[in-house]
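After this come two complexes, each holding subunit A, first together with subunit B and then together with subunit C.
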Partner chain A sequence: MVLSACTAKSSGTGDIAVTSTDSACELSSSSASTGTVTFAVANNGSKVTEFYVFGKHNRVLGEVENIGPGVTGKLVVEITEPGTYETACKPGMVGNGIRGTLEVTGEQKSKSDVPADVEQAKARYLDYVRGQLDGLVAQTTTFVAAVKSGDLAAARAQFGLTRTFYERVEPVAESFADLDPAIDMRWDDTEDGKQPFTGFHRIERFLWPPQQSQVGEDGDDISQADLDNAKTDTAALVNVEAEALLGNVTALRDEVRKSDFAFETQSFVKGPQALVDEIAATKVGGEEDRYSRTDLWDFAANIDGSETLIAELQPMITAKNAPLMDKITGQFQAVRDAIGKYRQGDGYVSYDTVTAAQRKELSDKIDALSATLSQVPDLVLGQ
Partner chain B sequence: MDLALSTPTVATQLFGSGLIGLREGLEAGIVVMILTAFLVKSDRREHLKWLWLGVGAAVAMVVVVFAGIHYGTSTISGLAAEAVAGVSSLIAAAIVTAMVLWMRSAATHISADLRAELSAAVEIGGIAVASLAFFAVGREGLETALLMVGYAENTSGSDWPLLGLLLGIAVAVALTVALYLGAVRISLVKFFTYTGALLVVVAAGILAYGVRALQVVGWLPGIGNVAFDVSAHYDQSSWYGTTLAGLFNLRPDPTVLQVIAWAAYLAVVLTLFLRPRRRAVASSTPAVAVDRTPAS
Partner chain C sequence: MTDRPAADSHDQPQRGVSRRALLGGAAAGAGVVAGAAAAGAAISNAAHRSADSPGDRIVAFRGDRQAGIVTAVQDRLHFAAFDVITDSRAELIDLLQRWTLAAERMTRGQETVEGGAIGHGKYLPPPDTGEALGLSPASLTLTIGFGPGLFGPSASAPARGDRFGLAAHRPAALAELPIFAKDAIESSRSYGDICVQACADDPQVAVHAIRNLARMGFGVVSVRWSQLGFGRTSSTTRGQHTPRNMFGFKDGTRNLTADQTDLLDKFVWVAGQDNPAEAQWLTGGSYLVARRIRMDIEAWDRAALLEQEQIVGRSKGEGAPLGKHAEFDDPDFQMTVSRTPVIAEDAHVRLAHPDNLDGVQLLRRGYNFTDGSDGFGHLDAGLFFLAYCRNAHTQFVPMQRALSTKDAMMEYLTHTGTALFACPPGLAAGEWWGQRLFES
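Then we have the complex of A and B:
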């Protein structure tokens, strides 16, 4: 429990300032939310002081000792459960100290003492993500150049491949609440055109202009509003969007490159299933790439990303449940084979040539894989 | 409220941090001092290099940890440092105990003026010397590293505490050297008896310190179970409180478990150390004669 020895240094924002004197112990805030709580303990007294945070039964959750007069000491504590906690300054380093309370609210956080091997696996996965995002920026640069030069045939040819880099690392991309929609939103997210339509699919619509015959109510059909809106697309407008897309993917890469980029461990261990579910829930009907019909590229990329995650977690899964790992491997192969049937040249057939029955077969295999992958998070986190 | 807004005077800043330096310096220095005196007195200077190897390794560890935290992006929690301090204190206490019992047998032989036999009688391995020095100095290595990071990154922006800390360490070094010079001057027999007994008391303090550290961490129960609290009459943050904490790890509010461990250790080891030997130290008959007389 203590072996979460290595904690990240806090950023400094949202710290609780504690002022310890010989007779008082003042906290700038007596409330906090669950997660990492940081205290900056300033000793304005004349004696050496200490600061403690106590949980139930007076259990010490964190302490900082040896704060001389005029010194500010830092304490970072992981508080996973909401509730009332006690704090204490101990000027002179003795006794019970000057007690206070801290109200912690918010949802219960899962324990952050994640097994070390999971953290290492996450670090390796992030290396992979960074590599993919480098690829994404390079490929998008080429794609955007083709769009802007008016070479729409070249742009069409590159569309599926460019998206592959994005779709592979979707769990990370989705952790950016602003960049992800800007890059990958669909028409459905615009509230029938009330919000600006940006990103890949805006350009996709320009490259494959929708026709009246495609308008309908099904998931992969095109709405009338979308069709009407598409008629206002001009090369100049789309060039601006293309430029913005390149800016956004570059921003995404730069954010993830930062050494302090934090990717939630929960998102990491749930990533394999999340990617697969992404296909089953929102793509297998053909909603994603309804203008270009390059959906199979996205499926394959999601599976790539999921398999990479599983490969990082494999030693932990095997150690705890070898048969489960074998089952996962087998089901991945089945999904791969199912998608592989539609390979054509360097890419995939147009998704509108895949019949409803074939789509059903694909989604059944994906659902089976998803059910198996749902056991992974608890297994590797040992909860 | 007013108090909270005023900053401590320069003198207070210097003195307050100076006491921390003094305490930490003495904690690390006392065992090394006794060990050095012991090796010098018993003509085993060749073992000094092991001693300094252990000290050097401990210091290097502190520096590496300090640099890792100061320049890195992660830190070590105070509780983890406490756990390490607790465990290494127990190890240090165990090595000191073994050491003291060696010294006892050394005293027996020295009483017979048989210095030549000393090296055969007291075989202290170089590794034992080095590891004792390492644990004695390094037992609070993480704590010290955290302490130094805190001072180096002191957000209050004043340099006085850091200066005070360094001055305190300097005083501790001076005191340790003075103790050493006093110790090597006393006669051989007294030296072994007194430093041995002193070391037992020091080790009892280290043991009690380790017990408390593990109680804070929660590996041992009873942190809230205080045996007594005389802090109203005994100011731990005074010069005497700091010195006694540095030398013997005394504190005015020990837990019950600390007191039990401390007293039990003293009772057992001090008795073992001081119990009369087969060949009385004061005997006028040279022990060597007894030794060499064939059994009849």
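Then we have the complex of A and C:
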């Protein structure tokens, strides 16, 4: 087994014990090696204390605050350059504190910042997300118009395609804690009807009214409360929901369009797997589109989004582990082929025609892809 | 513990090495901060416990025979049957090689790979899931078997071809078991291309092992079904007392034991003459029959003690054959009272006795199970029957045929799962699971 990655990452330095009293600040060691330095700060005084590590120009490299009497706090600081650093305890949390010095030796280390190529890839990906959200707004406009005009056949035909734009960028959309549920909530999120049921799936239920025969307890079944609630749906009520949906997807697009919009690097590098796990966790059972059974549209869209992200990360993955990239490519193809078996016309067959055994086959391929994608963040962000 | 005297050295349990102590060493080697004081404490703790804690034992992974067959039966089981979902022979071999390394480490109480739970950086899913950290080796054994589906069409996939070029190496006796009378076999609890039997004295150790093998296998194998077991229902050594099954009766009194080497050679281990040259990879191995037997617990509990004892053919307290006094007394099938047999014609012990099966025996290694309750509030419980034999079709099948049609106990039993696997012999140093099959 190759284990080269393990040993390199440890600084080899033990914790430095810091004892803070009302009048003293003692460090168990006044020297450390470059890399990660950990301080265990015990407050043996009677006042609440703080502990600081300062770099050049009194710049705070790290601080741990609000350590009560008798309590121990922990501070982890990344020190990349050898040199002399200052430490300070601040009993009572006031003043300059009780100062000391820390000699750091060892070679210079690069800070574990996000690599530049990752930042560039993020910028390109953001363009993609914005493009998809433009598409979402345009397509939702058409969809909502069909609903409101009473042309339900046209609305049904639009449903899967409209959702495609949303599902492709789902992890980004999900970072909006208010908009995402308003747009994409399921009946399961309503606490059995105590919360308002809004968004795509509310309209979906109106377009494909559930029947008593669909009531059951499996993930893709309809609950009795859901069915009862569906009977209260009227065209007028649903038109209001449709209008609200258009407002919410427009708001989502506008938020992401803002020049200062940014998403976490972590969520970016985990995005390919997150999209695939969307399918693995809550879609392959058929829960997502339980009225329309257009689930396969969503699967394909999640895979689209995941592949787009991987395309951005591909040079970084290939540089560090070309066989892994080949494996990812092959597994994407296998998932594509598996979904492709269910193509019908411009879309996909109804998911209720996909048998349990076929669903497991899909699930197996998705699990395999997800397991491989779980290796990506370390390759991209690891040193 | 041993299959034969010559094998003493490698199947002898080693006491007193705790998982925690091993991890302390492994973690320090990987550069992870592991408090020296903590590791020291664990070692002294282990030394203190070794005298009375069989759970600290390490059962040797390699040897002439696979561990987990005649090894003294541990308390807990996690059994998994996998479908192979790739058609790539190379991918399957690669997985078997990685599995072997991880399995051997886990039986020693170690993580799947060095530093697996926390030592591989913060951006990777840890290669070991970690729930066995700090637990002892717990006598973990991992035993592998290969199902008919690896060699071509099978009960679960009749249309499948010979994906791995192994058809010529399929032993003739690796043929799917027949469906017996009153079987209610559920395909989703049956069959499989590969099985791994994890036995340990700690359920978490057994579950950890299967869970980690399953996650290593994503894309290559897929868990088809699995079964948890507790409370061994048979003994494989004279040192173990006879356990009780979910009906409250001692079970496995007449089981083969590890020291009966002649009988094991006759009834458990596959011999060279059993197979043609192409299937010699199995010589020294065995066949594993797995059956999930649901017991109708509530109805049984409403049966009078007299009826229960007549159905079993033994007393509930001592476990003695009816008409005898002690558990290990030989049953007397001729004895009558007022011309009625003391042990009824349809009693379980009579039908399952070797005397009534042309002397045939097999090595049982079953476990009790309960999978909670069903929709009627009845225990979904019973016996997960595991038995090793030299040829299931000449040993298990006649026995089960007799039981399924005549056994009074069948009124309280439903067989819901079935599977047959060929378990190769043990591994030599450096050898991987299935190597002799794939290289034969």
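Keep this in mind: the second predicted complex is superposed on the first by the 271 of 383 C-alpha atoms of A that agree within 3 Å, B and C clash if a C-alpha of one lies under 4 Å from a C-alpha of the other, contacts with A are read in each partner's own complex, and residues count from 1 in each chain.
As a convention for this text, a residue touches a chain if its C-beta (ideal position, glycine included) is under 8 Å from a C-beta of that chain, and two chains touch if they have at least 3 such contacts.
Given the structure is predicted, the values throughout are model-derived calculations rather than measurements.
By the touch criterion stated above, A:Gly92 is placed in contact with subunit B alone, subunit C being left untouched. Once the two complexes are overlaid on the shared chain, A:Ile310 sits clear of subunit B and of subunit C alike.
When the two complexes are overlaid on their common chain A, residue A:Ala155 makes contact with neither subunit B nor subunit C. Contact with neither subunit B nor subunit C is seen for A:Ala146 once the two complexes are overlaid on the shared chain.
Look at A:Gln331: by the touch rule set out above, it reaches subunit C but stays clear of subunit B.
Contact comparison for subunit A: of subunit B and subunit C, B touches the greater number of residues. When the two structures are aligned on the shared chain, A:Asp364 is found in touch with subunit C, with no touch to subunit B.
In the superposition on chain A, no contact is made by A:Ile203 with either subunit B or subunit C. Of the two partner chains placed around the shared chain by superposition, subunit B is the only one that A:Val71 touches, whereas subunit C remains out of contact.
When the two structures are aligned on the shared chain, A:Asp378 is found in touch with subunit C, with no touch to subunit B. In the superposition on chain A, the residues of subunit A contacting both subunit B and subunit C are 1, 3, 5-7, 9. By the touch criterion given at the top, residues 1, 3, 5-7, 9-10, 12, 14-15, 269, 331, 360-361, 364-365, 367-372, 374-375, 377-378, 380-382 of subunit A touch subunit C in their complex. Touching subunit B in their complex are the following residues of subunit A: 1-9, 19, 21-24, 26, 40, 42-48, 58-76, 91-95, 259-260. By the touch criterion stated above, subunit B contacts subunit A in their complex at residues 3-8, 12-13, 15-17, 19-20, 73-80, 82-83, 143, 147, 150-151, 153-156, 158, 160-161, 164-165, 216-218, 223-224, 229, 231, 235-237, 251-253. Interface residues of subunit C facing subunit A in the complex, by the touch rule stated above, are 30-33, 85, 101, 113-115, 119-121, 123-125, 215, 218-220, 222.
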